[in-house]
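Below is the structure I would like to discuss, written out as structure tokens.
Chain naming follows the written order as A, B, C, D and E, and within any one chain the residues start at number 1.
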Amino acid sequence: MDVTPLLAWDALPLAVVLSSFVPGVMIMFLKEEQARLRNSLNMAGAVAKVALVGLMLQGVAGGASYEWALEVVPGLSLTLRGDALALLFVTLSAVLWLVTTLYAIAYLEGSANRTRFFAFFSLCVTATTGLAMAGDLFTFVFFYEALTWATYPLVVHKGTPEAIRAGRTYLYYTLGAGAILVVGAVWFQVEAGTVQFAAGGVVDATAVASGPITWAFIFAFLLIGMGVKSALFPIHGWLPTAMVAPAPVSALLHAVAVVKAGAFGITRLLHSLFGIEVAWEMGAAVAVAALAAFTIVYASVRALSQDDLKKVLAFSTVSQLSYIALGVALLDPLAHVGGLIHLVHQGIMKITLFFCAGLIAQTLGVKKISDMGGVARRMPLTMAAFTVGAVGMIGLPPVAGFISKWYLGLGALGAGQPWVIGVLLASSLLNAAYFLPILRTAYFDDPDPSWARGAEGPRPRLEADWRLVLPAVTTAVFSLAAGLLAASSWSPLGWAILIIEQGVL
Amino acid sequence: MMGPSSSHGPGVSSPSPSGDAPTGPDASSPSPLLRDHGERDGPPLLRWLLGLFLVPVGILLALGLKGAAGSRDPRIPDLIAKHLPETGVSNPVTGVLLNFRGYDTLLEIAVLVAAMVAVWSLDRGQRHFGLPASASASGGAGGGRPFLSAILRLAVPTAFLTAVYLTWMGSSEPAGAFQAGALLAGAGVLLSVAGVLRPLTAAALPVRIVAAGGVAGFVVTGIAVLPFTGAFLAYPEGWAYPLILGLEAALAVAVAVILVELFVDVPSIPAHDAALDAVDPYGDPLGRALAPDPSPADPEAP
Amino acid sequence: MTSLDLYVWAGVVVFLLALHAVVTRAHLLWKVLAINLMGTGVFLILLAAPARRDPMVADPLPQGMVLTGIVVAVAATALALGMALRVMARTGSPFLTVDPETEEPDPDAPEPPR
Amino acid sequence: MTGAELWTTAAVFGPLLASLVALGGRPAALKAGLLLGSVTTLAGSLGLWLQVLQHGPVRHLLGGWGAPLGIELWADGFSVVMLAVTALVGAAVSLYSLSYFGDLSTLDAETSPAGRAARYFVPLWLLLWSALNGIYLSADLFNLYVTLEILGLAAAALVTLAVTPRATVAGMRYLIVSLVGSMLFLLGVALLYTEFGTLALEELSAAAPGGPMAATSLALMTVGMAAKTALFPLHAWLPPAHAGAPAPASALLSAVVVKGSFFILVRLWFAVYGGGSEAGLVLMGGLGAAAILWGSVLALRQRSLKRVIAYSTVAQLGYMFVMFPLLAPEGLGGPDPRWSDDAWIGGILLAVSHALAKASMFMAAGNMSYAVARDGLRDISGVAHRLPMSFLAFGLGGLSLAGLPPSAGFVGKWLLLREALSAGGWFWVAIITVGGLLTIAYVLKVLRHALDREASDGDFRPVPRRMEWAALLLALASASLGVRATEVFQVLLQGGVQPWT
Amino acid sequence: MTDVVTTGLLLDGLIALLLAGLAFRLLRTRDLFEAIMLFVAYGLTLALAWIRVGAPDIALAEAALGAGVTGALFLNAWHRLAVRAGSDDRLPMEADP
């Protein structure tokens, strides 16, 4: 099929956003019993999104660029721009949404309020793709705030008092920071005169030199707004408490969509708004790097003391997100590549871990690490995927994690910041310190009586529902492929290098 | 300078005048509704403060008005005098009311209609007006009350006559539709109090048609002249006088009917409102209890 | 101090007396009376103040306004009286008993028998 | 005869005639009245919108006489936008009210209060509608007074349609406050006529009122209109009235009726008085800020659904008065020319988004309490699962009030913040932001009750589909205005803040 | 006092004083019937004032509407309260149904 006419279609970014918005709205009006219609709508939307993103990848790789704008008020417009940087995040979201939809359909089979769940699930992905392709700060904040309230019903999905409390903490953090973000964004427009994202930033150094305090405040406001979702140190508290949400939510939103929105926001802030040089001169980039470094270590230390599996993964996410912030904050393009590819790598690895955690909790009812003795014997495939993820988290080859840490190290040397390598090593050791015991108990300890009773019976051909295991294995394979085939141009590393070459950052 | 009796500054809470009823309302003294001993009037200190605040405001206002020279130039009266001949009437006030600012008079009648509909919407209690059937049947107008029937025979016809005169002369002499309407209303009130005029309930169609006639006449005339003169309520050449006279007549009748309706239609106060007990203060504003759940097969039930 | 100034003063005094009474007198019918008086106070000012010209020219515009004002006042009074009587019928007291700030339906309170 | 005369006549006298038709009382007359009123108003406001967009402000000389003698109907961007919002909300609520009162044919007005309410809601609402349209198109002070009087009487009567004694007392208090407000306004008119000898707003603004008499008159009129708009110190009458009234009535009262006197205040302060004094504007803004804090705090404390929304009205009205100091001509530091229209467009967008969102929230709340026949927050728990559309409408409305995207409120807040930041008004920036967060707090409180797990499975009255669609359509309108508001922006520039300078 | 004290001025002064006095007395009374009677008197005095100001139309309207109809409305309301209170001072024609 000759796709060239489609390639030049400027409203492709809008189509990508609508591909999850339309099913989401349609699902909202379905009755609870219409499960099959709902699932097919969802899957159709997911497949359509991946297809459209594939088209855009082909186009952007060929040098094309897509821009669609709707003027909200003269001077403010919703602009969606499909450039290489945006596509990095959009591809990640689209692919993982497809995988997670399959996982969620199986995971939530028979539970209540699924219509509301899948409707808001699609709205969240819409908001994520929207903010990924945002062409200016107004559109970014538009989708960023929409993401905040769209995630709330998913966090409180179970309706238990604990879920409602988690939802309340989530909103205190995100809405509070969101209000500060809006003020920062408007202030930026007032001072800089425009909100457009531009490679290398729109703020000129002389303006910053003339009003350093104002610009410092603007940067701080915007950083707080972005930082809350990328769980930077003081404002990360909501992420562990939000683990009370069902597994698919933790997997896609709290490993990929919501938290990456924050990290992506920091990238936009440093590169597309201020420009890395101006940010570095202001000393803002150094602050971000330092804060990120501290978060990396602090979160890893907190992860050590956790017994609940999902809490460990949550704190690991908090620390891994700061790798991205650290990478993009340094002055060296290689570090930027490291930060960008870690955005993808952490996504696919962490989603694997969350899938496995959900699988173990669903099939064996095991939530604590202490009860995970001998799980590998009962669920070999799941634990294999978990191991791939864990190894990637630690940063050992051949999984993708190693590549991002490698480039981060190279970038740190290039930027003349050797202390960053120390942080990377320390966090790798800490990661090992809390992931390896999990693997050890799973593989070598004798099965824990609490779930072992059911093990003697004839083992079902596959350890759990195939629609749960398949996603976990697939993402594990992705993690391995991203590591092994890093050299190919279609790998995340290849795409990150393309971003630097096209000068989009 | 004989200023107003400013000695009694407002807010002076003089002790309740001697002629007042003794403190405890004994059985024979009229009900609490009729008297207000100020038990709910709020603390005297607040009343004094408000009074102290208002006195200087008053003085400033009066001095300001005294000095207000702005409107010394008689621009508006001269303009009205100059354009009066074009309005088809010679009485300037009627000219202002029905030609220059006809829209205001239209809205004024709309206010009366609004008040009438609003009073209808208060749930009208039973009507205590009019003599019971037996009394009026025996003694004709005014039943056994010679004095009242004498007044009726004298007052009502003259009121009608004067009303017609007022409406007719309104265009030249200081009179007009509203004064005529008020007179007719007075006559109507007399008749309804005497029980002769059976108070028609609000549901009666004639009452609604006549009451709405005033506004309808105005709006229809306004729209009718629109194509010819390019503006709402702009009377075409030569048509001003007849149209104004017609409108005045309609206004007078409508005002009369509405005022009688407002007078007659006041809700009575039942000693005990039985319906009140069934009303759940936190419930449905219209007091509708939950209808028994319709058959589950109801398609609309979600 | 021409005669018209006297009426302006009278208008101001009546207006403020009535405004004071509307706020302080709790009985509903006195409030309605006071609102009427406020109206007449304004009409006094409206007719007397602009008319103070050396050649006393009667200005028909304020007269038209005052006539409209009087009719509007009658309509408003009729409704206010009707509503006041309904309040008295419903709450049995001639005062606005329920204070908005403190009063709030308390659905947590023991449910009245439905 | 240009189109302006036709459209203004349709907008003001259409609903007036319709109310007379609706006086017939029978269901057919009621439906015909609502249809006629809606059609004429929608046509009138659309026609005027196009006229103003092309030719700028249009006028219609009633009776053929010019300004000092006669009255003229005058429409600029601001009046046309308010006309359109009132038409939209009015049509939706009219649709809603047809099913809210139940099956009109079977209801007997004499016995059942619902029958009586249905029979008299329609004519009163249509009179109210024509009065509102009259206010938005009026350019004459005394004409404003008489139209305000119709507004006051009809609105108070709408409140007392409810049977509860609480609503009767609330209606009485509303009527008294409304009448006192009108009297103060009339005294202001008398002072202005004494000083300047004219009633036409255009001539008054040409005379640039500034003396002590003009200032006193502005103060009197402002207190009068603030009482009718329930601005902070004079807000006590609003919550019991708007919460006690039947659902369609409270939707109208909160969404459009309070906007009438707000419109007059904006017209007086900026078009006639050219911004008044900066101290005065800051005072109005300060009262607005106090209203936001007081209204939100009390909304959080309420335990009945409609009282939360009523106090939210008090708070959101405060938002609109925050626009006043930001519109100060010399500004708090001189507005940056690039954002000079921001506060004007932002403030009116907030008013528009509040009208749409508040009407949809009251209708949604009406649906929820219609279903369980009780209004307590505890009673509607778990109703979200049975009324998904009403729950969605309430949520979307809440988003718009809080200024979260996608909603007109978000765009309005962005513009107001841009003006405040460019003028260095840090206090207003803080107020706007804190106000948004407080709004989210009380909207969430209601949503949480509606989502509550242990649904009180008491008996449940099915809500007609039409009522849910009416609520949802308005909420969607408010959300879609958040995505595309350029047309509103352009028409608002016709005439702008000071149309007669 | 520069301008000469003409009889007209005296009359106006009296009317103005009467208006203010009636209003003050009316708003201070404790008995409703007395208040209504004072209100009707106030209305008629006001009609006199309108004549003095040179507005005959308004005088007629004030007398008919201000004093007449409004007074009747208040009396009617007073009557409603009296009937409710069951006190004996009902209007003569109010025969018990």
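Following the convention adopted for this analysis, a residue touches a chain if its C-beta (ideal position, glycine included) is under 8 Å from a C-beta of that chain, and two chains touch if they have at least 3 such contacts.
Everything quoted here is computed from the prediction, not taken from an experiment.
The set of chains touching chain B and also touching chain C is given as D, E. Comparing the CA-atom centres of all chains against that of chain D, the greatest distance is found for A. Of all chains, the one whose CA centroid is most distant from that of chain E is A. Closest to the protein's overall CA centre, chain by chain, comes D. Annotation: 65 Å between the Cα-based centres of chain A and chain C. Separating the CA-averaged centres of chain B and chain E is a span of 16 Å. Note on chain placement: the centre of chain D and the centre of chain E lie 39 Å apart, centres being C-alpha means. We define each chain's centre as the mean of its Cα atoms; on that basis chain A and chain B are separated by 70 Å. Across the assembly, chain D contributes 142, 146, 149, 153, 156-157, 160, 165-166, 191, 193-194, 197, 304, 374-376, 379, 388 as residues in contact with two or more other chains. Multi-chain contact residues of chain B (touching two or more other chains): 1-2, 4, 10, 33, 36, 38, 61, 65, 68, 71, 76, 80, 93, 100-101, 104, 108, 111, 114-115, 118, 122-123, 176, 178, 259, 262-263, 266-270, 276, 280-282, 289, 302. Annotation for chain A: no residues touch two or more other chains.
Applying the touch definition to all chain combinations yields A-D, B-C, B-D, B-E, C-D, C-E. Chain C meets chain E in the complex at residues 1-4, 6-7, 9-10, 13-14, 17-18, 20-21, 25, 27, 29-30, 32-34, 36-37, 40, 43-44, 47-48, 51, 56, 58, 63, 66-67, 70-71, 73-74, 77-78, 81, 84-85, 88-89, 94.
Taken in their complex, chain C has these residues touching chain D: 15, 19, 22, 28, 31, 35, 38-39, 41-42, 45-46, 49-50, 61-62, 65, 68-69, 72, 75-76, 79-80, 83-84, 86-87, 90-91, 96-98, 100-101, 103-108.
By the touch criterion given at the top, residues 1, 3, 8-9, 11-13, 15-17, 19-20, 23-24, 26-27, 32, 35-36, 39, 42, 46, 49-50, 52-55, 57-58, 61-62, 65-66, 69-70, 73-74, 76-78, 80-81, 84 of chain E touch chain C in their complex.
Those residues of chain E whose C-beta lies close enough to touch chain B in the complex are 1, 13, 16-17, 19-21, 24, 28-33, 55-57, 60-61, 64-65, 68-69, 72-73, 76-78, 80-87, 89, 91-95, 97. Considering their complex, residues 336, 338-339, 345, 385, 388-389, 392, 399, 404-406, 410-411, 413-415, 417-418, 421-422, 429, 433, 436-437, 440, 444, 448, 451-453, 482-486, 489-490 of chain D touch chain A.
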